[in-house]
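The following pair of complexes shares a single chain, chain A, combined with chain B in the former and chain C in the latter.
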Partner chain A sequence: MDKPLTAEELDLIRRLQEGENPDAGYDPYEPTVEWFTGKGKEEIMPLSAAPEPKRRWVPSKWEKQKVMKIVRAIRQGRIVPNKPKTASDKPQFYNVWGEEPANQPPPPPAPKPRLPTHAESYNPPEEYLPTEEEKKQWEETEKEDREREFLPQKYSALRLVPAYNQFIQERFQRQLDLYLAPRVTRTKLQIDPNSLIPKLPSPSSLKPFPVYKSLEVAHDKGRTRSVSISPDGTWAASGDENGVVNMWEVVVGKVVKSWKFKGKVGAVEWCPRTDVCFLVVATEEQLHFLIPPNLPTSILVATQAVLAPSQLPPAPATPSPVKWQSTSAAASTSDSAILIISLPSNSGLPRQVAWHRRGDYLATVASGEGQGGVWIHQISRRHSQAPFKKVKGTVQSVLFHPTKPHFFVATQRYVRIYNLAEQKLLKTLQPGIRWISSMDVHPLGDHLIVGGYDRKLCWFDLELSDKPYKILRYHSRAIRSLHFHPTYPLFASSSDDGSIQVFHARVYNDLMTDPLIVPLKILRGHQVREGLGVLQIKWVPKQSWLVSAGADGQVAVWCS
Partner chain B sequence: MGRLHKKGQAGAAKAYVTRTAAIKKLQCSLADFRRLCILKGIFPREPRHRKRANKGSSAPTSFYYAKDIAYLAHEPVLAKLREHKAFAKKLARALGRGEWSSAKSLEEQKPSYRLDHIIKERYPTFVDAVRDIDDALCMIFLFASLPSTAKVSPSLVENCARLAAEWQLYVMHTHSLRKAFLSIKGVYYQAEVFDQTVTWLVPYQFTQTIPSDVDVRVMLTFLELYQTMLGFVFFKLYTDAGLVYPPPLDTKKDESGAGVGAFSLQEAKPAAEVLTVKKVKEVEVEGKRISAKDVRQTIKSIAGQTAGDNDIEMQDGTDNAADEADEEFVAHPSHSNPEETAALPTLKTLASLPQSKTSQLFSPYTFWLSRETSRPIFEFLVRSFGGRIGWPATSGSNSPFEEDDESITHVIIDRPLVVKENETEEERERRRRRKYVQPQWVVDCINAGRILLEEPYAQGNTLPPHLSPFEGRADAYDPTLGVSVDDAEMDDEEEEAASEAEAEDEEAAPEKAALMAAAAAKDAAALRAAELEAEAAGVDFGVFEKEARKARKKVHVAEDTEEPTEEDMNKMMMSNKQRKLYERMKHGEKKRSSERQNLEQKRKQLEKEKKRQAKS
Partner chain C sequence: MASTSSSEVSHPVVFSTQTQYPLPTQKFMIPASWRRYQLSQLVNKALSLTKPVPFDFLVRGEILRTTLGEWCAEHGVEEEETLEIEYIESVMPPQRMTSLPHEDWVSSISCQESGLFLTASYDGNVRLFDYSQTLLQTVPVHSAAITSATYVKKNGENTRLVATASHDLTARLAEISVSPVDPSPSRVVASLHLHTGPLTGISANTSGSQLLTSSADGLIGLWDTSIPKSDEVPLDDAPSERKKRRKLDEGQEARPKRKAPVAVLKSHTARVSKALFTRDGKSAVSAGFDSTVRTWDVENGVCTSTITAAAKPFVDIALPHSGNTVLAASTDRTVSQYDLRAAESSAVTAAITSLPHPATPSCIAVPSAGSSEHQLVTGAYDGVVRLWDLRSAKSAVTSFKVWDARPASGRKILSVDWAPGVVGIGGEGGVEVWRVGEGDRLPAQTS
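This part shows the complex of A and B:
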């Protein structure tokens, strides 16, 4: 039901909207009607008939008294009419500094403006004149951003020099600076910048350390993620992402044996025991224990006895999700694994295998979920256990302490130290790294280095504090791997920028002396592939040699 | 349990106040606050933590010390400013009512403030004040050359001109000018007064107008302070030099454009003595009053002596007398070592150090200013260094001598050389006797501290570059030095190579390949192979060797940049703070060196071009 509004109603609405009188007929400017005032209506008769008071026509007594007061003051000279305008009794200028100065210090003087250079001359040497590009650049930059407030110009005679059109503006700017700019007194450092560089012993006095690449072992395809050196330092094993593990001699570089696994190889690690000889290869959810070929019979027998004992130890009371499978010593060859540990499903690829120094325990860190992916396996008891029910954050790396029953666990941000014997947390280290990638402990066990994907390397003195003693940032990409040399005072770090940094790291026995860290050498030779550089480095135990595995599929030996 | 600490009751929150809070506390307008800050020399401070100083707000504000503001609250000038506000209201009211007589009496009682106590507070000692007169002098000289407008009153301009002239007179009188520099902005002067270097900038003589984007009120407030300060400083300087302050001004001379010459320096004497001396020595000759001074001057000009003007001469005489009166240090030889006599400096020996010699640099010469040169600049420069100077009537009156004076040795002239056709014998003779130099000669002599050869600066010659005497940095580019030798050699070689390459462009390809191999060869074996190859290709051995050497040099340079040195590696052991400081210092160094290299490069280019032009 639409009811159209009439023209009057619309007009009414418009008037209301515009704030006018709603009545269209109302005229606000009507002529006034004068009822009481105006011509002919003046009031003639007074309002009261009282007679005029005397005070209206007699001069005021009080006024007279006031005037007389002034007159008396003028007569006595207290008021001087039309006093001549003099500034004051003091002369305009006199010796202000005549009396003793106040003992308060003067306010800090304003900084003096910069003195003119050759460029400001009316006739500068020709090299100061700007080129066309410089002129253009000067004109294009904002007035505040210009290095100089003028363009150098050359005039052949003084009479040709015009007035400087920015003169008053510059004076004004100076004054604004004087009263509006915050002023700070700064002591200017008059030192040679090179004196800031710490004085360290020369690398040549700290030999031996690796200096050149002696040989390379190539993996045909795939990145070599891991490399490991046998405890006697003669053999090396390297595994790549294609599932190939090569065993080769460190001195010669000839591949002696090659294994092929399904899937990627996450880690390769030799057992640190010297009476037996075998290596562990971690692939997807499995750990393969391999015996290298051509072992002396005594060692071979001992190894087989360790990995595939004729008498299996009693099974643990609670069934473990980890399965231990071994082939009998007689049937075993160096071609296939003698012992396979199957981790629970969904545990993913173990990224790290860490041996205890005695060679009985090994810890693995897998990328999968559940218990932080950390397992500790005991060979002698053929038993695996997960030390943590729940871990805050994903575990990046684990380590056994070289001398004490301590266990280092690096999560994304923190490093926690547990006592395995007492089963409790000892310490939490705070490296201040966003994402920890790797860590290693000094062979004496008092110092720990932690590397991160944010390029930082932190050195912890475990006796000192849970904050780093030193933070170094020298790699241009993420740090991938760190390793302390087991006998020499050396450590190295590798990074995604394709370089390896070798450091001298001397640790003193007395608690007062700080460790001495000296950068020795930057080793370059690995190519960066898809943003990945050198993925793992290992020291050769008895030499000052370094073995590195790169994303370019090369494994290199660096000799001193 | 300790006392509870409330937030905002101590520390930065109490030590700083924002500008708005300060104005509120002082109960004055922003303009009055600004005036007070300028006069008292109070400036904002930067708190270490802006948030803590401003109750947690990080809004951009300026902060002042709360103590500074409390100190402003007791300022007598602030009270006067309040009085002035009341006065302005009363006056407006009177004018609005049309009460002219009361407005007039109010105007007569207008409150005004003095700045003596502020000068004393800001500059407790005289040396403090002298150290800070740079900006004041710049402003005074600028305003002395401004035309008077509605905002800049004529009396202000006149006062500035007077102060500028007084300063110049003092500097000329004491010969304390040290350096001068003709820049594109104006003329920089540097004087040494009370062991303080005072530098000021004087614009060239052109009419300046105040641009619209400049707040004149701020400049005038500064000027108010500067005028008072300079007045007190000059009073002390003049009285210490034994002169009367203010020096009397001869209005007639001033109107005829005598400039500095309109003021006469008078030695301070007890008032009565001065009066009697005047009475005795002034004689009326042909309706003109002639003083003893005039007589002496005429005698001197007849004798043709070349020393400076009258006042200075007198002063020198008294100086000598004072020196003689000075007690001489008598050296007593020590008993143990009778040969060695103590050679301690006395006041006299200190005064006769070489510094005084350079300050009288122009004393043997007499200058004549040509019409187109700026008289105030050169009169000041020449007279400060003890020279005599004259100028034509078009540059102002009161020249001490005329153009045909026999004693004139130098003519400062700034126009191109034109051969005059109808020259009289006398004029030619005069022209032969005098030296015609361009104005830059005077300034370069002053900066060099000795009289330079006139030949390069002669009229019509292309001038040598005018360099700044203030360039101080040790590692800055020095245009006076030649291009370094080995660089030049290398350049030559390169150039030759380039020309050769151009000439032999059409040579056989295998030869080039061999040379390329030589360039690429890194170790001895490769070099040997390359040599054999080159021989096979028929390349001259000399050419090959040259190429190989060049290549080696290149490789060497490349290695230098590539291999990190020991120091570079040690840099990684620096702490973050140290590294930042180091990087900052290095950045500055690098910037300067790149600037320097840029200049050297340009210079090389220019020289090469010059050489090429000379050849062709």
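This part shows the complex of A and C:
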């Protein structure tokens, strides 16, 4: 509903718009009312009754002296009254920005004072106001111990705020801050984070390496602890904890022969020799030597001659606790072991069988008591010996050096290298692993990888140092098995997290060039059963294929 | 339809074909929303075929599975660009016909003899089935696993000479009676002694006069199929009583004659997976784990040319009928086609076509002569048989799973064979037979 404005209101609005006094009756130009001075307000009474002094009308002598001094100077020409202006008298300008910039960085800016918060407001919200107890506590604490140097106070209006009594102190503190501010400029590092990543070749340029699971061979019951590939790469043998050893084709995955043993199978290894063909199966306190079926006659005869010679070599002078029993060559079949080596009782299950490259010696590591459980067996002399009288710590793994007469022994914390020919300790490697699980030596023999239950993988350059050249920590659970490929520059590690990791490891003959280690591929596919993942991995000789045995009873072939 | 097509985008298309149904060279304006079905109808109408023939369409080497517009959008083809579309007779969906149960794995199947399936199993037996699933013969040829079996030739009306290769380091020739009414006893007539590693394959030439064996020891043996009167290879000195006993048993019946090879082809440095005769029988092609495909002059026994691939261990090869190319399956999950004429001995040869598989392809079969020479069938370890057209290398034309009831890891296919209309698949689950290919149109094509 419209309400018409009255004339007074319109006039008021007009005045406000024009910035005039809104009161129409206000006259800004009222005539001055003379209250104290002006006409008719002259003072009649002097303020002082003292008589006028003489100096008020006598000319000043001192002034005259001053003037006369100037006059004399003018006369003598010391002062030129209208001195002509010279160029130097002109105001001199210069280009402020024309100078070369200083070499040193500009002085650092003063530290900025802290910005006020809500609590420092003259009218802070209620929640910022201290309670009585807080106030009391603030007053009781020492000045330097106080959290803040003021108490928030509430004023309803800004004009009620009194003068700030801490002003001087605060200014002083501020000057102190400026004075004590460190005059150091902190230079920021201009580093591209990508440039810190080592330059590694792309995995696709390092083919071939295994990338997918081609086939699986299942063991019905029990974990498959061990797998081994024949030296020609045609056959694989896998043993499980149920005592079953299967021999199968690597390419097809068809089990062609199966053996059953009492107790667990701890290790399966093919003999690396090519002129004979047999495999060793380690069960509780026994090593079984098996001849696979369908061998050519020449190889079969040679194998039988090696394992069950018609003329036994002379027995050693001191009786050994290790018994060698062989079936005669004629009576032997591929169904049962042709040779059985019985380790001394209480020696437990051999966890590892390590062949020497020539295939005459093999070393076994058992979990049992005495001598660290390490035995070295020589096939040609049918003789076993324990190389160590006593070993500090339990032996985890042993290895023969591929070219020299050296022997690697991994105890729980250290790897010791012995010279078997001279019978002395050469070197002790300190991987810094809490519990070593496995190790493997590079086929050239100068590099060693050691894996531990604490997920670490150490690469040792044996020529370089006792300390690892590189420590890789890529697995999320304990490392179980490591293996170098005999011909390709590859190695792989398997772990309890169910994964296998494949690395490219190129070793140069040049001593100055560091080995090149490139992670290539993580192979997943094994199930983790009861905290155990992939228990052993082996490369297929001559191919870039990997065979892995898992705790889920599966043995898988990974093809490139 | 007419109201929408006026506003619709259309593509200029030129059709070409190598089938017996050519269209005149002419530009067609095809609506972008058309699929294979409409295109196939168009071709049928344009040719006014009395009996409708379904076609598949290859656009730039890829089978059209979406609408034409979607294909163009995916490949960034402009509207005005003229598309060349090749059409091929489409393959009927494969149908499962029968399954022939086996106790052990089947390593080899052959359906080259019409009406019969020859299977070789890891239990050492060769079995013969007819099309009504009846087991005609079970011949225990080997005591160890058989890896390959093939027909060699007809020995009379009712007997066939069959060659088998086995893990026991021998190949054998067996006479098998195929007559269901009068099954005369089958017998092993000769055993072929050369290899020192398990045999991987055996193949015969078309006339059945020569055989090729391949082995894991890297040798290829060339044999004739005549049966010698006496042993050509002396008996190996019996190392154990077991062998002696076996030989005595064999000696009571007609013991197979021991044959020696005509020639040994040596060049492969690793396991040889397969050796095949070419159609004319004068040369042979072999492939092995040393990533080479070698061509051999059979008469002189020399390697004439070598195709070297990069890190491709070959597990099987097949020779298409055109004769100039070879198909090779390798464990890097590809089946590659190589040109035999482009073989160089040193440099790495690139494949013409590469067919990617999700699992290891283990076997290849090409159709018999006269049918489409661009097609092939591959079996893989994932239990899937795929039918490929070499002009469309990106994905298989069709595929089917065998042994559905078995677990995924236990469905490996080890052998496929393709006779007209029938594909036999042998592997871990026994044998399955599927109807694949032309099916109903088969009589029309032969006429």
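What we mean here is this: the second predicted complex is superposed on the first by the 364 of 560 C-alpha atoms of A that agree within 3 Å, B and C clash if a C-alpha of one lies under 4 Å from a C-alpha of the other, contacts with A are read in each partner's own complex, and residues count from 1 in each chain.
Simple rule for what comes next: contacts are C-beta pairs under 8 Å (C-beta built on N, C-alpha and C of every residue); 3 or more make two chains touch, one makes a residue touch a chain.
Bear in mind that the values here come from a model prediction, so they are computed numbers and not experimental data.
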Task: Tell me which partner A:Val252 touches in the superposition: chain B (first), chain C (second), both or neither.
output: second
Query: When the two structures are laid over each other on chain A, which of chain B and chain C touches more residues of chain A?
result: B
Query: Can A:Leu12 be said to touch chain B (first), chain C (second), both, or neither?
result: neither
Query: If you stack the two complexes on chain A, which partner ends up touching A:Leu420: first (chain B), second (chain C), both, or neither?
result: neither
- prompt: Between chain B (first) and chain C (second), which does A:His118 come into contact with in this model arrangement: first, second, both, or neither?
  reply: first
Query: Looking at the overlay, what does A:Ala331 touch: chain B (first), chain C (second), both, or neither?
result: second
Field: First, second, both or neither for A:Lys542, with chain B first and chain C second
entry: second
Message: According to the stated criteria, A:Leu516 is in contact with first (chain B), second (chain C), both, or neither; which is it?
response: neither
- request: In the overlay, answer first, second, both or neither for which of chain B and chain C A:Val528 touches.
  value: neither
Intersection of the chain A residues that touch chain B with those that touch chain C: none
Message: Touching residues of chain C toward chain A in the complex: what are they?
response: 105, 107, 122, 144-145, 167-169, 196-198, 216, 236-237, 239-242, 270-271, 289, 310-311, 313, 315, 331-333, 359-360, 362, 381, 409, 412, 414
Statement: In the complex, chain A touches chain B at residues 83, 85, 87-88, 90, 92-97, 101-102, 104, 106-107, 109-110, 112-113, 115-118, 120-128, 131, 150, 152-153, 155-159, 161-164, 167-172, 174-176, 178-184, 189, 193-194, 196-200, 202-203, 470-474, 517-520, 522
Query: So in the complex, which bits of chain A are touching chain C?
result: 207-208, 212, 214-216, 218, 232-234, 249, 251-254, 256, 293-294, 296-301, 304, 329-333, 542-545, 554, 559-560
- line: So, in the complex, the side of chain B touching chain A is made of residues 34, 37-38, 41-46, 62-63, 108, 112, 114, 116, 119-126, 128-129, 131-132, 134-135, 138-139, 142, 181-186, 188, 199, 203-204, 206, 208, 210-211, 213-215, 218-219, 222, 231-232, 234-236, 239, 245-246, 372-374, 414-415, 438-440, 462-463, 465-468, 470-472, 476, 479, 564, 566-567, 569-574, 576, 578, 581-582, 585-586, 589, 599-600, 602-603, 606
